[in-house]
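Here is the structure we will look at.
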Amino acid sequence: MIKKSDISITTWILIAFSIINIIFLATGKLEFNAKGIGIITAVAITLAMYSFLYKDNPVFKIAENLFVGVAMGYSLIIIWYNILKPDVFEALIVPMFKDTVIGPQYSVIVPTILGLFMFLRFSTKLSWLSRWSFAFIVGMGSGIAIPNFINAILLRQLEPMFAPLYTGSFWGTVNTLLVLVGVVSVLFYFFFSLEHKGAIGGVSVIGVWFLMIAFGASFGYTVMARMSLLIGRMQFLLKDWLGIIQ
Amino acid sequence: MNFFKRTIPMIIAFVMGILMTFQYYVPHESSQDLLKVVTRWGMIISGFAMFIGAYSLFHMHWNRIRQKVAGWGYSIFVFFGAGITIIFGLINGGEFFWNDKQTGTMFDWIFNNVQVPAGATIFSILAFFMASAAYRTFRARNKEATILLVAAIIVMLGRVPIGTMISQYIPVAADWIMSVPNLAAKRAILIGVSIGVIATSIKIIFGIERAYLGGGD
Amino acid sequence: MEKLLKIDRRIIFIFVALAVTIPLLFSFKMSVPPTRHVISMYDKIDSLSKGSHVLMSFDYDPSSKEELQPMARALLHHCFKKDIKVIGMTLYPAGTGLAEKAITEIGDEYGKRSGIDYVFLGFKAGSSLVILNMGEDIYTAFQKDFYGKKTAGMQALKGVSSLRDIDYAVNLTAGGIYEAWIVYGKEKYNFDLGVGCTAVMGPEMYPFIQSKQLTGFLGGLKGAAEYETLVGHKDRASAGMAPQSVVHVLVVCFILFGNFIYFATGRKK
């Protein structure tokens, strides 16, 4: 429900924003070109997004939906210029109609057809053809994953666990032992086929402690990450727009 | 018809899965060529697959406009944003889409001044909600929550310069937390997840897992 | 006391905004001593000779730009200062604009030319499939660069036919793609790999560091600030350390104060 006070606040903010930018443009603080107008547009979008912190409002929803549309449009154009144009259009279709140094790359026909089959997913009669494309990708991905994951993750991550416990120093040895205990106890915790009782329950509890420390560390890093994003936006507003920091 | 709708896709998945598994162990040149061809095909098909996401999004918003659900007016901005971006992308600074991509065009301007600030800002909003959650809900209600809380505080202080100013042992403690208990837990999770990936891949190849076929017959 | 627990969250938001803005306005300087994982990555790139090839994969989008773009810029400064040839690419469509901007801006500062001193290959879909394809033949994966120029015969790629020939790879990532680079890239094609990641993902790097599958990693804005210190080119990441410190202390205070009030009111009951 939009209240009169909300409309009045929005109007005053818009007026203040416009006045600030007109002053910046008039005094030359922001150039009256694509770059200057771009900064003003970026600031408007940023402030529209931050208006959500006051409360959910139409300005935020407009900015959010605009972002979704622009992001999707950008991805589609990039796919055209980076994938479809060089790998399909110029590799296969153009050489069929024009004399080029390298002839048509006929090997591209099969993936192009399978790619087009994917679009048939939305057809009621022919959607089953899209299954062939998905089966190709999923089957290939699964086959590639098995040996690579066994080698690169399973074996390579188990390798350090088989290194000698004694590393030459007391604390090094303690830490190595703790890592071994931690990995084993966490793996015990995640093995739900056996009831967590008795000895298994005891080991699982140790696993939970290790998990809690890890999650606490992850929370700390997550706070760091989100605050960094905020700091970046503030730097943009204060430096690139207002010019009050160097 | 079931043969074309179910059996052939499962045969394709089986053949591709077995082929690519054995390809890893065959060092012959033909095996390397097979990998090159198949992965290139996969890259091209993945390019087409990205259009499916776009279609789903546009279809959802079109339905919202058509059925006039609450807030349908905002969906118009999705089409407006996408339309403007695509049009300028195809115009390509006057060279049009059949020529190489130009730089410094209106398409790039829209990316730099609409998508980048919007994308960067929308996730930075989480910083505020995180701080609010830290104050209102993060409670040391039991032993496990207390361990989590203490670890979080040590890492938060240890990972910024101010931690060293408070005490030289805070960054040391933070480093130990990351290099020992965190490493152990993350390694165990990694091992568990990779076993899951291998198991799921085997199930897909042998047709036990068929979710990728989608619903229907 | 209980009223303090039910405080309007917008007041908390104001505290956070002030905690970030005030240190920026007063330009508090803080030293950022580099940590061992960042030093490892720096030393690796520093050990490369002129004309070496470093592959940088800019696998992030605008939502992680504030953490990863400063990292990208610091790494590019290092590479271009040492006349290392940079091969840029991305596995995220929205990463192309950010990657292109970083490479061309920093390249221009050092007088580097596209196609000769660096190449920006652009985007390809398929993640692990792209890495595998590049591992066999870079020219099959990327027949043309981002600007439509043929990659075959390009001076910036001279001596490189596949991932086996690169001297170092850096994956700047906001998601799980670093795992694909390790599994399908580093382990299969035997090149050294470093990762620049958002702070959220920092804890996940430690198992790979211990197993020596990564030479080092840069975690979040602090990682970027440490690298800027090592390269001697302090920029936004270093400037962000003061507000980062203040806001961390604020969040810790929030946690402690919130728990204090909670237990104090709880005991009364």
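Order of writing sets the chain letters: A, B and C. Residues in each chain are counted from 1.
The criterion applied here is as follows: contacts are C-beta pairs under 8 Å (C-beta built on N, C-alpha and C of every residue); 3 or more make two chains touch, one makes a residue touch a chain.
For clarity, every value in this text was computed on a predicted model and none was experimentally measured.
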| item | value |
| --- | --- |
| Touch-based graph of the chains, sorted into line, ring, star, complete or other | complete |
| Of A-B and A-C, whichever chain pair has more C-beta contact pairs | A-B |
| Chain closest to the middle [Cα centroid of all protein chains] | A |
| Computed distance of Cα centres, chain C from chain B, in Å | 17 |
| Approximate Å spacing (C-alpha centroids) for the pair chain A, chain B | 5 |
| Centre distance in Å when chain A and chain C are each reduced to the mean of their C-alpha atoms | 13 |
| Chain C residues counted as touching two or more neighbouring chains | 13, 16-17, 63-66, 93-94, 97, 124-125, 129, 132, 146, 148, 199, 202-203, 207, 210, 222, 244, 247-248, 251 |
| Residues of chain A touching at least two other chains | 53, 71, 74-75, 79, 81, 83, 87, 140-141, 144, 148-149, 153, 157, 214, 217-218, 221-224, 227, 229-230, 232-233 |
| Multi-chain contact residues (two or more partners), chain B | 40, 42-43, 46-47, 49-50, 100-101, 111-112, 115-120, 122-124, 127-128, 130, 134, 149, 152-153, 156, 159-160, 178-179, 182-183, 186-187, 190 |
| Chain A residues within the chain C interface of the complex | 53-54, 71, 74-75, 78-79, 81-83, 86-87, 90-91, 140-141, 144, 148-149, 151-153, 156-157, 159-160, 214, 217-218, 221-225, 227-235, 238, 244-246 |
| Of all residues in chain C, those that touch chain B in their complex | 5, 7, 9, 12-13, 15-17, 30-33, 35, 61-66, 93-94, 97-98, 100-101, 104, 124-126, 129-130, 132-133, 136-137, 140-141, 146-149, 199, 202-204, 206-207, 210, 222, 241, 244-252, 254-259, 262 |
| Residues of chain A that touch chain B when the two form their complex | 34, 38-39, 41-43, 45-46, 49-50, 52-53, 58, 61-77, 79-81, 83-85, 87-89, 107-108, 110-112, 114-116, 118-119, 121-122, 127-128, 130-150, 153-154, 157-158, 175, 178-184, 186-187, 190, 207-224, 226-227, 229-230, 232-233, 236 |
| Chain C residues touching chain A - in the complex, by the definition given at the top | 10, 13, 16-17, 20-21, 24-25, 27, 63-67, 93-94, 96-97, 122-125, 128-129, 132, 143-144, 146, 148, 179, 182-184, 186-188, 198-200, 202-203, 207, 210-211, 213, 219-222, 236, 239-240, 243-244, 247-248, 251 |
| Residues of chain B defined as touching chain A within the complex | 4-6, 8-10, 12-21, 23-25, 37-38, 40-55, 57-59, 71, 74-75, 77-86, 89-90, 97-98, 100-101, 107, 109-128, 130, 134, 144-145, 147-156, 159-160, 176-192, 194-195, 197-198, 200-202, 204-205, 212-214, 216 |
